[in-house]
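Letters A, B and C mark the chains as written, and numbering starts fresh at 1 in each.
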């Protein structure tokens, strides 16, 4: 899932300077799971902002809304009444959600209350770890199920480097060496042979490096004629 | 046909000495010329580090070009941290045009070690892929893309080896992989734990790797007890046994003791089958190299 | 001055009642709110109390490992910590909110908790949004 963390309260307050009528918008999907932007978090943030406003006489009017998935137009369209009269929306969904609101409500300024970080998973309550590098060309079958692109600090495909010590990465004793983990995993799987052949330079085109990515599932995509047959739905 | 003087000496069976020069944080090449003058004749080739610890310094290639002007044999280091494959191939062509033949392919200290942590690192390729690319340039006269080079560079390719990193059982397989990718020589991380190194060399010989790659044992002379402790606790991939720490602590002349330890290590290394030379990394202490080489009886060049 | 005490039914409340029966004195500015469990309190409640003019807020909960509802007091602790951080960020001072663990018969602990919060308000100063005397 997408992992993010709320921006510091001070930063959010200074972002909202000059606005009066503010909607705090959360999402029930990824950000709710990483306890950053769900309905509960919307409530706490809204209350904090009201307290700030009262303390400094800002006269802010803070409203709250949480949608199922802030990245989908259908859900975001459904809150048009809430957005209606506002002059700012503070989105604490991920960057995708914030952009979706902005695109659908071009007249209202949308601000990010969250720093969207990475694709990862909860290790335990409150701890969220990056797992997937989104490189567009997955090699997990060659590395014992461990992503070398993002779990290795140097994205090595033929690791480990000389800085791997006691199973830890050179950048910090708290960071496991991905290649040590890969080695151990392949050992458990009885597939250390995966490490014999050097892997050639990676094709980074399917990653961020190739430009903004669009993936089309043409079996799901209606042609113009088919859209006409289906009728206006938008 | 040897691509470089260093390769020629190694192929002849000579026990070589390579030394390291840290390029200056300066737009002036004077410090390099000074080092060249003081170290001339005491080593067969000189490594120029590449933005060591991720701190910007004069580039390895520019420094190497200055050494060529001074009549010395350089080894450039090319990390994967700051350059992508396009830049690396370009830099290698330029380096070759300026008389550089020896290239050490390494991953490079992560930029979080340095003074510009906020920089975006590159890591387009890793050192093993770098070896593959450079080997194709040399042997096939082609870029990785397949485009023909008008003139192919002559290169002697090297990599780093760390007998002290983990997992220990995998380290020799890793060396084999580097050799498969094109490594012709390796320089190891600084050795203090001689027994562990000897065990590693045993494993190397078991696989017959010492026939396929020239192993140069890395040594870093210790300047003080403080430095020794720093090496032990703060530097990744280092193994410093307590007896050495004790010696440095007890020494009345720490620098002298550091030199003594280094010379003893050289003697022990010369006796190990498969070790074809030493690589002296006298960080910020380049001036001590002549004394070490002299006292180790290696001055005959 | 206004100090709000959220007291749980199983520890805070009986301790407060006992304190009253024994004639233990504490400030009349302390107002008590009864809860089924300290874990019922949410961060929004704590913040809302300050918006409504409270100078300090405390929770009186069961002793650690002895929560009648197993770990409601643990949840309450995390929420108090969160509220503290928010109050610090807003410049109100996180010391204004606190959690106290006590047993149902520890009347003195309840009295001490109430007095402690009053002392803190005297030290830190009133809530700018506070009740005007």
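Keep this in mind: a contact is a pair of C-beta atoms (placed from the backbone, for glycine too) under 8 Å apart; a residue touches a chain by one contact, two chains touch by 3 or more.
Note that this is a predicted model, so its numbers are computed, not measured.
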| item | value |
| --- | --- |
| Centroid comparison with subunit C (C-alpha atoms), farthest chain | B |
| Most central chain, judged by mean C-alpha position against the global CA mean | A |
| Between subunit A and subunit C, centroid-to-centroid distance (C-alpha), Å | 37 |
| Between subunit B and subunit C, centroid-to-centroid distance (C-alpha), Å | 64 |
| Approximate Å spacing (C-alpha centroids) for the pair subunit A, subunit B | 41 |
| Complex contacts: residues of subunit B adjacent to subunit A | 80-81, 85, 107-110, 112-113, 121, 123-129, 132-133, 144, 160-162, 164-167, 170, 173-174, 177, 180-181, 189, 236-237 |
| Complex contacts: residues of subunit A adjacent to subunit B | 153-167, 170-171, 177, 180, 183-184, 195-202, 204 |
| Complex interface listing, subunit C residues touching subunit A | 42-44, 47-48, 50-51, 82, 86, 89-92, 128-129 |
| Complex contact set, residues of subunit A against subunit C | 8-10, 40, 43-44, 47-48, 50-52, 54-55 |
